[in-house]
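For clarity, chains are labelled A, B, C and D in written order, and residue numbers in each chain start from 1.
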């Protein structure tokens, strides 16, 4: 387990937004390797639905920053074929909700080909897609679908929560010889943070301890990481010290880091934006409950998740549908005080 | 139906076009002033398509709509106040504030819903057509979608089902030249999207989508065919969207001149010069549209916000 | 929680296979309600890829037992549209793996329309699909995808494990005003059991206690129910008495029944065929770990799941990839002896 | 290339057709005797399509194949023993026993894989074509699929991508009249599936799929076009499957007479009567095919079973 905190990396950094960090990773990967290219709807002149690809088409041309028709299944399939034939495609799906259109190529093709062919071929590709609510885009444009992908053997699944990770994890995903699904978060695109100038990789499979504390372990993903950190500050004011752990990659999962932390604190609060039932935090709860940490648990394992509802349009309803900082503070302090 | 010569029809067509225009201008304004949230896809410049098409429909007929669906909803006869309330996230909105612009629907007028998924409504329209066929009776479905939708697998599968089963569906493509930033010329290797109809063995026709009469004639013919049991048709209405695709659009993929050229072909202004209404009548229609939209905003603003208390209860029907 | 054991029902029964039980439910529902119809690939003259629809086309005609082209997305979409327009469609997807093709209509349309439209419309439809391995059909024809559907608010998810439930749960699913995904199991189609003659519903949301025992609770789904019962018999010979609990419906889940049982036994072994990571048994583990049963747990919560691999073709590999009776016996006795 | 007149070519075409036939007869027999498991989709009766098509390809070209893929794999030059070993679930099989018939692939001969998903290979073929375009060079891709695949969204999207980007892909439809039990006449509202090519602005041609020369000529022309950079084509080869769709097929959807009529149009027997080989040469080719298949079975049977020990290691590439 590695805590990649800025002061530890010792490399030149600037402040970038999360979206800029993604763009920089794309640019550095394309500059370094001719096989790398980007394809997706409106990634060219438009610069991407969330502005992530920005000006890349002007720097790398229309062949390598390739606008596609609205055909998610075809686009992902084309990436699979291009990867099989020696390229390193990076697909952007405008909203992660539209991976539903491409699920066959993602889960039945990309994920399985290496195994089904007995190792004779591999599918080195990256699928980037923004998930999450908070923009008023309603039920078909706001889902957090990481649990779908994490349940498909053959895929790796990445959820960067900071600009530095958005860059470093994406570079690692591009290097990886397997299909990697990178789930970005819409609300994070405009958040800023220090990002190394160099094309430094953040290895897949290593959690980050974003904050250390002895009273409970908060495990959070995506936009819930920064909300949990904010909650942890408020909890500290109440005398509760929380560890905040960001798995960063769901597959491979750094279960060790989670189990170690929960063993030390005796309490776990698992925070995700996705609906509770069948979400990835269930997997983390199960991982803890079957682990060496079991005997050290002082409280039931708490889950604080999105409600089991489609994301509503109205802002007040949308907020109520997913955990907010207040909710995290409340659940965490109850967990500590009651047990 | 003669929309230009018949003053009743002309009034109705014009009033609906103006209502859509004014409604969306109001939405644009509310959005710019931070009074509306989310994202909005405006159909300003495309009003002739829903109006011409829906005038060919009768009570009990269905439509499926798109992310750019305000016009369809209005043209089908929805209440403006309930629409505006929805966009303003009010409990009195058509979707109780749960759906917003991309899911707006007035089921009472046969609108099975806007759809945030490009081409998502196309197989749904085929299914509604299938229900009509199985139930019997003369009802039809009009499925609206954009040019971009025509490259989705859902479109292909939905159109083919309707074709092989002779379902009473009219597929109406609003070809506004772009799927977001992707020009039709780059996304297709055919000149006219209507050429794709032949692949499914159904009639295809391309018409001027800025002329409500042309749209009405083509859709009317297709509706008659569908009602008679002869199966689906494809109508491509060529038009243009004046505004950006959505709020994130910087218009980097098209020129000012192009937009200007199409503004000169304003479907409403052209219809006003062609139709049989007098200048006084025109002014009256314009005022009426303006007043209807103002009234809708007033009613919607006064309504209570959508209530968060019953969120989980609203997921399943019982 | 209801234990629907044959002797308790008191209604006329015969022995039918699981496939015959499904067919009988379809026939009774179609006979009772004109709005009900079946559509899918090869459901007509062919009788269904697994023979489930059998002769229904001769009884109800080609309109109501409707062969479709190979277009899963279109078919499910057509069902959504037909349901919106007043019908009660039942879609058969030949292999549950191909729900990947239809995921947009399942998850983004069917599941969400009722909510998105503020309750103004509903989508009463059933999607039946066989899942599971054991037939040598390899990675794209053998998946157990229940976790995907259970994570989509708006869907109900059913997994019948006996012929009686195959009929009774399907009838309840057809009655339900919501989209219901019924995941049948290929290996069960030819298994026989008592099935009521009447069109008796088995309500959604009630688990069945298939066996009662004091030493541990085995929770199992699909084909793992009968394997767990076989294992429980062998465990009994070793002096270990297992409860075997079959949730029957994942959404809504009878969490109460599970928690009550685990509270009583103090030990839980959760058995599923699907790959472990992100599978539905993680949700059940999390449900237990956050519940009142927590304080009664005498052992870590055990999960015995499919390996995190695509299903291989070779029979010995295929067997190794998912839990067998021996594995259940081993894990259960270890759980009891060690803790 | 003249496949009938040129004795070398005739020998090659015939040997490959016989090899596919004998291979699949052997598979059918092993299956019936319980020595092979899973399910099998046999292409007996359709051998002229892969043979005619693959003779138009060169080293470095790719193919994507289908659930009915033994013929494609053999025609592209795969080793019979490694194929047979795969079907017998041996460690020496092409997929180490992990894939079986539906995922058989010989990557060395450019076969990117059979596919258990109908139309699954079509967008993959477009992607391989895109890789070729981006890398440069004269390589092409042939994508095989059945008539049933043409109604999948994946097919629509894959063909359109290849078309708009002028990718070097030849789409070869093996129209054997049925998608499982669904007759082409009920699944389509067009006479010939090649009519669908026009919807994508690419050439489409229908040929006799029981004549390797006809297939070869059409695919050869399309390959030349693709190599020249002019983009994709669609070739529909009309043929017939003699055996059931798979092992579960009771042939309830077609008549004995229909099957008999098509057996009389056996692509191999017809080719034998037409080609320039003598009766002695024909006999030699037949013996050779038989011997190759026997030898493959012998080698495969002697190989070790696929090993379960390294299952989880095999999921990810490293």
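Convention: contacts are C-beta pairs under 8 Å (C-beta built on N, C-alpha and C of every residue); 3 or more make two chains touch, one makes a residue touch a chain.
Since the structure is predicted, the reported quantities are computational estimates derived from the model, not experimental observations.
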If you take the chains that touch subunit A and keep only those that also touch subunit B, what is left? C, D
Which chain maximises the distance between its CA centroid and that of subunit A? D
For subunit B versus subunit C, what separation do you get between their C-alpha means, in angstrom? 40
From the C-alpha centre of subunit C to that of subunit D, how far is it in Å? 36
Could you give the separation in Å between the centres of subunit A and subunit C, each centre being the mean of its C-alpha atoms? 30
Touching two or more other chains in subunit B are residues 95, 97-99, 103, 115-117, 120, 151-154, 156-157, 160, 164, 186-188, 314-315
Enumerate the residues of subunit C that touch no fewer than two other chains. 68-69, 71, 73-74, 97-98, 101, 104, 108, 115-116, 138-140, 153-154, 307-310, 312
Using the contact definition from the top, classify how the chains connect: line, ring, star, complete or other. complete
Using the touch rule from the top, collect the residues of subunit D that touch subunit B in their complex. 151-157, 160, 163-164, 186-190, 195-196, 198-202
Contact residues on subunit D for subunit A in the complex? 62, 64, 93-99, 103, 105, 107, 112-113, 115-117, 120, 122-132, 134-135, 153-154, 156-158, 160-161, 164, 314-318
Given the complex with subunit D, which residues does subunit C contribute to the contact? 41-42, 44-47, 49-51, 67-71, 73-74, 97-98, 101, 135-141, 307-310, 312-317, 319-321
Would you mind writing out the residues of subunit C in touch with subunit A in their complex? 97-98, 100-101, 103-104, 106-108, 111-112, 115-116, 138-140, 147-148, 150-154, 251, 253, 274-275, 277-283, 285-286, 288-291, 294, 297, 299-303, 307-310, 312
Residues on subunit D engaged by subunit C in the complex (per definition of touch): 37-39, 86, 89, 95, 97-103, 115-120, 148-149, 151-154, 179-182, 186-188, 248-250, 252-253, 305-306, 308, 311-312, 314-315
